[in-house]
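Shared chain: chain A. Partners: chain B in the first complex, chain C in the second.
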Partner chain A sequence: MLNMRLLLVVPFAAGIFLFLLPESLRVFKGIITLISAAITFYLSYAVFLLPQQQVELTCYLSASLDKYLLLNIDFLSKLLIIFLGFFGFIFSLYSLSYVSKTKKLTNYYSYYLITLGAAFGAVLVDHFFPFLFFWGILGITLYKLVKAYDEDSSSVAKKSLIMMVASDAILILGVALLWKSTGSLQISGLAIAPLGILGTLTFIALIIPALTKAGAFPFHTWIPGFAEKAPASSSAFLIASLDKLLGIYLLARICINIFILQDWMKFVLLLVGCLTIIIAVMMALIQHNYKKLLGYHAVSQVGYMVAGIGLGTPVGIAGGLFHMVNNALYKSGLFLTAGSVEKRTGEEELENLGGLSRVMPLTFFAALVFALSISGIPPFNGFASKWMIYQGMIDFGRGSGIASSLWIVWLIMAVFGSALTLASFVKFTAGIYFGRRSGKYDKIKEVSILMWLPQLLISLLCILFGVFAATRVVPFLLEPIGGKINYTGVWQSSNVSLLIIVSIIIGFVIYLLGNIRKMRRSDSFIGGEKIQEELGYPSLEFYKTISSFKLLAFFYKKAEKKCFDIYDLSKKLVLWCNGIFSKAHSGVLPTYVIWLVAGMLILLLIIL
Partner chain B sequence: MNSLVPLFVIIPLGSAFLMAIFGRIIKGFNKVLLPLALLFLTYLSIKFLLGAEGTITYQVGGFAPVAGVPIAIYLAVDGLSRLMLTIISLIGFLACFYSISYINIYTAERKYLILFSLMIAGMNGIVISGDIFNIFVFLEIASIASYALVAFGIDRQELEASFKYQVLGGVASLLILFSIGFLYWRTGTLNIADISTQLPYGGIFVKFIAMVFLVGFGLKAAIFPFHSWLPDAHSSAPSPISAMLSGVLIKAVGLYVIFRLFFNMFALSHQIAMIITVLGTLSMVIGGLLAIGQWDIKRLLAYSSISQVGYIILGVGIGMLILSRQGNTAVASLAIIGGIFHLLNHSVFKSLLFLSAGAVEFRTGERNMKKLGGLAEVLPVTSSTSMIASLSISGLPPFNGFFSKLLIIIAAVQAGYYLLALLAVIISIVTIGYFMKMQKFTFFNRSRVFWQDRNIREVPFVMCFSMIILALLCFALSLLMIPSLRDVVLTPAVNVLVEGLKYTNAVLGY
Partner chain C sequence: MGKEIFYFLIFPGLLFSAVIGGFLSWVDRKITARVQFRKGPPLLQPLYDFLKLLLKETIIPVRGSVFTFLVSPVLALFGATISAVFILLPLFHIETGFAGDLIVVIYLLNIPSLTYIIGAAASGNPLASVGASREMKMILSYEVPLLLVIVSVIIKAGMTISLTEIIAAQAAGGAFIGSISGVIAFLVAIFCIQAKLALVPFDIPEAEGEICDGVAIEYSGSSLALIKLTKYIMLFIVPSFVVLLLLGGFSFKGIDILWSVLKLLVIILLLTLIRNTNPRVKIDQAMKFFWIWMNLLAVIAVVLSILGL
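Up next is the complex of A and B:
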């Protein structure tokens, strides 16, 4: 009870307090943030240990507000809370070193803490009104955590906020419709089967905000730009972890608690999920800016979660939620490593980097773990959750209905997406860490402990979650949410991991024993030509062939022009309407008088 | 408390005359007198808002009714009037305080303050008057003062705007006077409460009068298709005046009277309620779509006022529709609370937006967003207050606008008007679109560094003060959602409308 109250109050109070301090005390502000984040992490752990229950908080303002402050502690919200607490703490550690030197990011820590508090609020409350309130605050802080300094970054900030507010507004409509059709706004325990056009609209109006927040196609378009322009710590905190957690949380609530999933809903969710996987990963393949590349992957991975939850079966839901957690881990880790590289080199293009593995070994190690995880290589965590989702899809095929009969399509798309992810992470890892190092990067050092420690901690979790997936993590964290899981195929993660570790050790021993250590190092062989300074690592060139492939080239070109961007499309539509109305407002007085008279005559004609 | 009612007109009217006489002789007299007078009015109106209950009437001259026929001029202050009085006095005080510094860029400071004071007197008069002819008289006082204030810059653009405003406003006044004449001819009385007992229910005559009233006051409230004067007038006036016009005047002169007449004087009719709601929706949609293409900050804000007034009318109109077909009163109250709350909120954030735009113009002399940019660094206070107001008007929590839009949308869905709810949602997205455009091009976008060689500082304290108070109000008004506070401030105003023709009993005391 007290813990939950503090969980909401501490981040908000500390965040508001930090507004009062001047920007020159940045380090001090960072330390206060770290302390409050540590406290909330502890509190979230304490809440995590509580049994399932519903708690009514008393609000001292007015007794009639109490019914809105009903908190719901079930396995789903506990899962979210512990990870929100963890990420809040770990990124505040990273920010301490990363943000302190980045100039002009005003009130970063205040908004950081308020974001954290609002996220806790959104996850805990069991009534839609306070949920809308907290959800809306998250939109504002999202806007404030981008550093709007020039044309591009202010556009990105603007676009993100507009899309967030649009989704908020649609959520309000959805909530209103839900209230109309059920008469209740309690999030847990509705379980309705949507009927008729009203039910359909309610479902659509509720999933759009969830998909926008998480970033699924076609509402994903704010994410890549945000990833490119925002500070890496903001990206890691928001688009990699927090927004994914919250968006998928809402989706899970909709699919588990609010609606009983119908066949067409499953079809919609699976279609959205699988399209997201493929489209985003195709876009990721052709990126040159590594932060933007990560942004597209942040979108692509959402597809797996949406598809998993869309299956509606216990294994699907557990797989989707497990993927949510895993993705939050490795994707935020990737953003952190990207931030470290950016901080040391000041470079954002893959072409201009290379060979950093030697100068930044810890960052390299972490990035490698994350890259292997996201590509779904066993024994890392990404594999475990993808495996569950594949299992779920195969299982799902036994059911009846249109969504089930297409199971093979969903499966192929998901597996294909995974392969493309691997391909693009070869590019990412190779582009930054392997290959020839440009001379100007010889002097750079590993980042400070405040930055590499979070990276390593997260990578450790990635490994642990992968190795103990089937034995510990899934039964303990996820099975209570979606129900008991029956596997068709058996994946014994611990045993397989053991085998892999043994093989790695054997390989290492061979490496030590043999003469391989004395191997010769030299530049890539390029036909005897002397290697030029500007010549990049050739692996990147390979990916250019994708974008020049005829059929794809057409789509890529259109995508570059933002022809598929829902934001730009609606902007064009609105401006077109604006053009029509503006033409009518000529500023000529007689015209206006005619409007007045005509308006009056029409009104009189109608009424009389 | 009854005897204090006339003070709302006497104080601003008296200050205007005192300033005209002594302002020339005593230096600094005007700048001290008017803010103090308005501060006192603010105190008084808040005291009324929190302290008074029911309808307070005051018979000018003290003539008692003869054989049940009211012969005195009635002043009636009920929940709705009290709310409006508070808005007028509070925003009036802040705008006037802001003007103390702002007026330095103009020359005729004395005339400005006199007109300002007359405008306040006119608006207060409309709101407390229970007599339809007096409403017309005060309406003309407020309107004529505002015509002069719009033209205050006496440039070509300002004069043209003022001229358009006068012509269209004149036509509207004519229509209003015309229908008052008709009413007097048929009922033989000018007292609103008395008229409503004398008017026959339904019938072509009542419908005709109602429509002419709607056109006349609709023009004052800038409802589509009578909105065409507003963008010019509100963008050309000096910024504190724009804040008054958009924040208060169109509500006191237009919306308030429409609500008063159509709920309390005419019997509710479904047809008229439908017309009002449809016009409100059209204003909301078209105003929003027009605003997004503007590049002049104040013109953008002016179009946005049309759109937001549409929201207010939408909320109240839905309530009217439900009441007129004897629907669920709880839903009707919800819709009307949404509308009235939005009226209150809009007066706060729209005046804040105009004051912030004024601060930008004060320091840079520029209103075209294409030429501005990066001001967030040099005008931190202006930038943050403007941001708060923008977020608030776009309906983001924890600001007040979120709650009023939420109520309006929920009420629309509850009443079964799904299309209206959808339009309200879409326009709220368009709203955030154009406000983010304004924020981006005015305060961010550092690549346009036009201010770098100009040495721009933050605006003086006096101006900052008003903006900060309004920004705090954007937060504080959210608290009105707490039921115990809502019952003090909003519910009495809403009850006046929901109870409809019971107004007569309350005023005349039968």
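Up next is the complex of A and C:
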């Protein structure tokens, strides 16, 4: 009880307190943030250990507000809380070193802590009124955590804010519609089967904000720009972990608690999910800026979660939520490593980097683990959750209905999306860490312990979650939420991981049996030519063949002109409407007089 | 755990599949030699190759990333061996509880290609980099048709992804190739494994005459020996995988042994003949071939198998 109250109060109080301190005490602010994040992590662990229950907090202001402060501790919110606590702590550690020297960020730590507190609030409350309150705060802090220092970054921040606020408005509409059809605004225990136009509209109005927050097609367009312009720690904290957790949390609540999924809803969710996977990853393939590349992947991975939850079966829901957790781990890890590389080199373009694996070995190791996890390579965690989603899709194909009969399409899109993810991460790792290092990076050092420790901790979790997926993690964290899972497939991750260790030992035995001790180091052989510095084959050229196919080239060109960006499309619509209305504002007095008289006549006609 | 390690290292894992794979690579070379009116190598040539490489000096690129460069071939060998275990245990009708399903096998079979890419990138050689990018593009090309073939097998086997059940379904109702969709799927599968094994005309990532073995250009000595070993194993298990999916698997009762061996040898013969009668294509031609024609055929196979043909 006390723990829960503190969980909400501590981050908010610390965040507001930090507003009072001047910016020059940035390191001190960081330490306070770290301490309060550590306390919240401990509190979230304490809440995690509580049994499933509903708690009514007393509001000291007025007793009539008590009913709104009903907290719901079930397995889903406990899963969210422990990970919010973990990420809040780990990124505050990273920020301590990463943000300290960046002059342009003001009140970073305050907004950081308030975001964390609002996220706890949104996950804990069981009533839509306080939920909307916390959800709204998250939209504003998101805007404040982008560093707006020039025209580009301000427009990115504005775009994020507008899309968030628009989706919040739609959420309020959805909540109102829900009130109209059910008369209740409690989140848990609704379980309604939406009927007719009202039900359809309610469902759509509720999933749009969830999809916008998580970043699914076509509401994803704020994410890539945000990833490119925001500081890496903000990206890791918000678009990689927190927003994914919260968006998918809302989606899961909608699909598990509020509605009983109908066939057309499954179809919509699977379609949105699979399109998100493919479209975003195709865009990621052609990026030059590695932070933007990661931004597109932050979108693409959401597709798996949406599709998994859209299946509506225990294995699908567990797979989707497991992927949410896994994605939050490796994606935020990738942003952290990107931040480390950016901090050390000051370079954001892939073509100017290369060969950093030897000068930044720890960052490289972590980045490789994350890249393999996100590409779904066994035995890492990304594979475990994708495997659950795939077999959920195949299982789903036994059912009847339009969504089930299209299982082949969903499966092919999901698996092919995974191959494309692998392709773009080959480009990412090869571009930054492999290849020939240019001379100016020879003297680079590994980042400080405050930065590499979080990276390694997260990569360790990626490995552990993959190795013990089916034996420990899923039964412990996820099966209570969606129900007992009947696997149709077999994946013995622990045994296979052990065999990897065995084969590495065997490999080294073979190396030692051979003549490895007498190895010689020599420069690369390129057909007898003497190697020149500028002769590198930039990893950017990898996928020129793909983007030059006629049909794809057409779409890429259109996408670069932002023809598919819902933000730009609606902006054009608004400006076009403005254009029409502005014609009325001609500045000519007689025209205004005619408007006035005409308006009065119309009013008179209506009244009479 | 000892049981799993035995399966992994001795039978049907590393040792067994390397020996059979070495033999199959000899078959392949012998047929090639006959096509070209040469005598061909002796039976033990694959073993000589392996041992010779093991004793040779290993040269490591000076600007590359040594650890990644040397670990990649080891992990390639792991990927090939673990898929050998998961494919061969059901093929030999050994029920042990140690198994992997269809999705797992597809992903594990991709590990060798992926580690070649990582190793090539880690070497820092521009030609290896070209090879790596081509290898990745080949994966993207054959992934979808291969997946469609597997989908049509899943449909035929009654929506199961267990390898044992796929074999059982074929034992009960005849091999899947005995239908129109089965024949089309087999055709697509042959081309896909041709690309997966990087044989001519799809040896684009290696292309000896053009980019000097591409992904493997910097490897020498023991590390090259490991890559060779991986290639032997892949030459055995990828065709076996097709036998499992479409040709009804192996059987070891009386005369059936001969049939089982023949199934495998016919696929190897097909692969060898294709590779000896075709020139290498360019990467964009290969991608168009798979993305348009093979996908079309594979979709037809899937549609026919939904209709039950």
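The criterion applied here is as follows: the second predicted complex is superposed on the first by the 576 of 608 C-alpha atoms of A that agree within 3 Å, B and C clash if a C-alpha of one lies under 4 Å from a C-alpha of the other, contacts with A are read in each partner's own complex, and residues count from 1 in each chain.
Everything below uses one rule, namely that contacts are C-beta pairs under 8 Å (C-beta built on N, C-alpha and C of every residue); 3 or more make two chains touch, one makes a residue touch a chain.
The model shown is predicted, which means the values in this text are computed figures rather than measured ones.
Asks: A:Leu411 contacts which: chain B (first), chain C (second), both, neither?
Replies: It touches chain C, and chain B stays clear.
Asks: Kindly classify A:Met600 by the partners it touches after superposition: chain B alone (first), chain C alone (second), both, or neither?
Replies: first
Asks: With the two complexes superposed on chain A, say which partner A:Ile504 touches: chain B (first), chain C (second), both, or neither.
Replies: Only chain C; A:Ile504 stays clear of chain B.
Asks: Output check: A:Tyr60 vs chain B and chain C. Expected answer is one of first, second, both, neither. What do you get?
Replies: After superposing on A, A:Tyr60 lies clear of both chain B and chain C.
Asks: Looking only at chain A, is it chain B or chain C that touches more of its residues?
Replies: Ranking chain B and chain C by residues of chain A touched puts C first.
Asks: Can you tell me which positions in chain B touch chain A when the two form their complex?
Replies: So the residues of chain B in touch with chain A come to 163-164, 167-168, 171, 175, 204, 207-208, 210-212, 214-215, 219, 225-226, 228-229, 231-232, 271-272, 275, 286, 289-290, 292-293, 376, 391, 394-398, 402, 405-406, 409-410, 412-414, 416, 418, 421-422, 425-426, 428-430, 432-433, 436-437, 439-440, 444-447, 479, 482-485.
Asks: Going by the contact rule at the top, pick out the chain A residues touching chain C in the complex.
Replies: 355, 357-358, 364, 368, 376-378, 383, 387, 390-391, 394-395, 397-398, 408, 411-412, 415-416, 419-420, 422-423, 426, 429-430, 433-437, 488-492, 495-496, 498-500, 502-504, 506-508, 510-511, 513-516, 518-527, 531, 535-537, 539, 541-543, 545-546, 548-549
Asks: Under the stated contact criterion, what part of chain C meets chain A in this complex?
Replies: 1, 4-5, 8-9, 14, 53-65, 68, 70-71, 73-75, 77-78, 81-82, 98-104, 106-108, 110-111, 114, 117-118, 121-130, 132-133, 136-137, 139-140, 143-144, 147-148, 151, 154, 159-162, 212, 217-218, 221-223, 225-226, 283-284, 287-288, 302
Asks: In the complex of these two chains, what residues of chain A are touching chain B?
Replies: Interface residues on chain A, with respect to chain B: 61-62, 64-65, 129, 132-134, 136-137, 139-140, 148-151, 154-155, 157-158, 161-162, 165-166, 168-170, 172-173, 175-177, 179-180, 201, 571, 574-575, 577-579, 581-582, 585, 587, 589, 591-593, 595-596, 598-600, 603-604, 606-608.
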